[in-house]
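There are structures below to look over.
What follows is chain A paired twice: with chain B in the first complex and chain C in the second.
On to the complex of A and B.
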């Protein structure tokens, strides 16, 4: 159990490219932090800086209140699960797990006890003599986890560990990782580009964009109150709809219609309105209405996605409706209802939340 | 339904194979058969007549002390060249793998010696270590080492080993570098996190993963040292002093073209053919099975 503190962490490469523009983050004991963002946002770089695989240009990194900036990866007492697992192909499962312990001079009997105990937790008992080449993707993933767990490190680092698995196995391993992390209570940082993985695993999420942590918070916080259009669009599936609009004295003009907000923010001018696909409904139980010109339907089984646009505005919208909606009568315009509390308002200029 | 397209033409396949077959027959099989034929013959001193003597040439070789000592020389030379060239190449490759700036230039320069002809390489080293005008000889003199490879058999052996190894380093370097670069970076990083220092990482991770490359190079280098170094030895020592650098291949030339004992020379060639054949078989067997993992 340990804390992890990032204080204004920056990374500039030798060629002058600044990859990380100062990230602050305090990870509590036993917390699972997920860093999520599109590729190239710097999340993996940040993870590798925590691991000690990339030098820190500026700022302070502390593990358990101890500055570790200049320590070798091995001295930081961390363990990492790599995207391609990075198992030693010439060693069997047992030796893969034992290698870190051997290097730390743990005695043989203790290594044996730890490896077997870890193998039991991960149900690897029967595979200890196999080489990585003889294992399936899921089993390799488990060995990689085992190699990390067996040393009982202060911090776990995961670098997109599930991205090489097929969809079904991914869901299964995701649940297993969460269960294991809860059980062991080890402080963890998990990097992924998959927002479903991020939402389901995280105690707290760090949404990264262009080397900056755009927002840090619990998954529900971030879902309910994204601070920027980027975060709003990244978290949630299908992505949030954005409509260019004008706000004046509490009256919001969306295309050719104007609605009066119940709790208007103190702002006049151009705004970006965010409205999630699941927050538009067919039942007239909500205060506001908009008319959707339907383009296309995408039946997903449980839900149907409806693509279209609202009159007087070019912005395309997607709406998640119940599967019973089939548009049998081929209607072109669909009235939809929503609550103005579900609207996310961002200043068009500063890209910051205003309500 | 077979998806391999078939031709009803009977002659076409043979016609397409003909050029390659002709080259193989004329330049490889025919001379080899000539050598086999010659190995059963003995010629008179003027080359006017020859007599069929069955295995006498082989018999004589197997009872000749000079032949066994040439075997020993070849082994020492082969092991020396292989060890020296592989170790230096591995060291250079490990270092080149870490070079970030100017890596391409560095690699190009390291590959150059491979383009130097064996005889030229030999002459180059011969002049550097020349007993009277050599640069290295002069420098060695300063540290009280008297270098004269035309008198000292051990020095002669050392010199041909260095010259032959130098030429082969480039080749080994390329293979080792490719081998190193095919090891995923994350494996090394995982080992670093697992608490292995640079030396330990090399011993436990990198070296075992390079073993298929190393084994391939081992065979190639031994074959090179045994059969492909005539030019270097001829340019540097001509097998001397005495017979201290007379390897099997050099002895074939010496006995055949200097001593004009064509029968014995041919018999030696046939023995060498068997050795090459055996080595090739070993190589294919092991390469197919892949070493280590």
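On to the complex of A and C.
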């Protein structure tokens, strides 16, 4: 159990490119933090800075209140699971797991006990004599986890550990990782670009963009109250709809329709309105109405995605309706209802949330 | 070939047998010549089948002096060759592996420059730099010593390049995983890199052993003391008899014996050798 503190961490490469623009984060004991963002947002760099594989240009990194900026990875007492597993191909599973302990000078009997105990947790008992080349993707993934767990580190680091697995296995391993992390209670940082993985695993989520932590919060916080259009668009699937609109004295003009907001923010001018596809409904139980000109239907089985646009605005919208909507009578315009509490308003200029 | 044509098969087999005969015949003649008496060979017609002097010819050169021009037995010559070939092969592998390790895994000034410097010496054969090298070895007093025989030939651009190419295929994450596991640079080299390069090392060993064994010009230059002669250069000495008759019954067994160790190395390490050239184990 350990805490992890990032204080204004910055990274500038030798060629002058600044990858991380100052990130602050306090990770509590036993917490699972997921860093999520598009590729090139700096999430992996940040993780590698925590691991000690990438030098920290500025700021302080503390593990258990101890400054570790200048320590080697091995001295930081962290363990890392890599995307391509990075198992040693010439060692069998047992030795792969024992290697870190051997280097630490743990005695043989103790190594044996720890490796066997960890192997039992991960159901690797029968595979201890195998080489990585003889294992399936999921098994290799488990060995990589075992190699990390066996040392009982202060902090666990995961660098997109599931992206090399097929979809079914990914879901299975995701659940397994979460269960294991809960059971062992080890402070963890997990990097992924997959927002479903991020939402399901995280105690708290860090949404990264362009080397900046755009928002830090619990998954539901971030889903319910995204601070910027970037965060709003990144979390949630299908992505949130954005409509360019004008707000004036509490009246919101969307294309050719105007809505009077119940709790208007104190703002006048151009706004970006965010509305999630799942928050538009066909039943007239909601205060506001919107007319959608239908372009295309995408039946997904459980749901049907409806693509279209609203009159007087060029912005394309996606709506998630349940599967019963099949548009058999070839309706061109669909009335949809929503609650103005579900609207996310962002200032068009500062890109910050205003309601 | 996918087609199954009778005459084509026959023809290709014929070509193969012709090729084999072309390569193997001189070897056979050398062997046959080594088993006859000097008179028999000098008579002009060499029989096609081995004679009765095999034991006599071989034991004479193995245990007695090889020839008047070479005052030591062929077993001494073979031992010298072996020391030289092993020294060169092992030395080359150790040095090249360390050089490649530095170039691939460490960040330092002039890294690329050093690589290109090494790479460029690939284009220079030993013979080009042989005079200055001799000068250096002579000034260091290394003439007539095993050090003088092996050391100047140990640096190898080819092996460094091969190791570099192999090291580049090792994923960066493997190094990082080892760092997280607490392995320093030396541990990483011995625990991870060395076992992974096993097949490469075997392939290089075969190539470099033969290279070392077949050295001719260099041992000829740096040895005056017969006790440091190598077998390949001695064969030339045995032939350089001026107006006298060449003692073919001595030269031929020596030649056959000189061929054996490289053949043995290739045969024994063939499996690893082929693996090292065609396969990467990752």
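Methods note: the second predicted complex is superposed on the first by the 355 of 355 C-alpha atoms of A that agree within 3 Å, B and C clash if a C-alpha of one lies under 4 Å from a C-alpha of the other, contacts with A are read in each partner's own complex, and residues count from 1 in each chain.
Here, a residue touches a chain if its C-beta (ideal position, glycine included) is under 8 Å from a C-beta of that chain, and two chains touch if they have at least 3 such contacts.
Nothing here was measured: the structure is a model prediction, and the numbers come from that model.
Trainee: Putting chain B and chain C onto chain A via the overlay, clash or fit?
Mentor: They clash: once the shared chain is superposed, the two partners overlap in space.
Trainee: Just chain B (first), just chain C (second), both, or neither: which does A:314 touch?
Mentor: neither
Trainee: Taking the superposition as given, does A:80 touch the first partner, chain B, the second, chain C, both, or neither?
Mentor: So A:80 meets both chain B and chain C here.
Trainee: Name the contact category of A:301: first (chain B only), second (chain C only), both, or neither.
Mentor: neither
Trainee: Once the structures are superposed on A, label A:16 by its partner contacts, choosing first (chain B), second (chain C), both or neither.
Mentor: A:16 contacts neither chain B nor chain C.
Trainee: Counting contacts the way the document defines them, which residues of chain A are shared by the two interfaces, the one with chain B and the one with chain C?
Mentor: Looking at chain A, the two contact sets intersect at 51-53, 72-74, 78-80, 82-84, 86-90, 99-100, 103-104, 133, 147.
Trainee: Considering only the defined contacts, which chain B positions touch chain A in the complex?
Mentor: Residue list for chain B touching chain A: 184, 186-187, 189-197, 200, 204-205, 208-209, 292-293.
Trainee: Could you list, by residue number, the parts of chain A that touch chain B in their complex?
Mentor: Residues 51-53, 72-74, 78-80, 82-84, 86-90, 99-100, 103-104, 131, 133, 147.
Trainee: Spell out the residues on chain A that touch chain C in their complex, using ranges where they run on.
Mentor: Those in contact with chain C are residues 51-53, 72-74, 78-80, 82-84, 86-90, 99-100, 103-104, 133, 147.
Trainee: Which stretch or stretches of chain C touch chain A in the complex?
Mentor: Listed in rising order, the residues of chain C that touch chain A are 171, 173-174, 176-183, 187, 191-192, 195-196, 198, 281-282.
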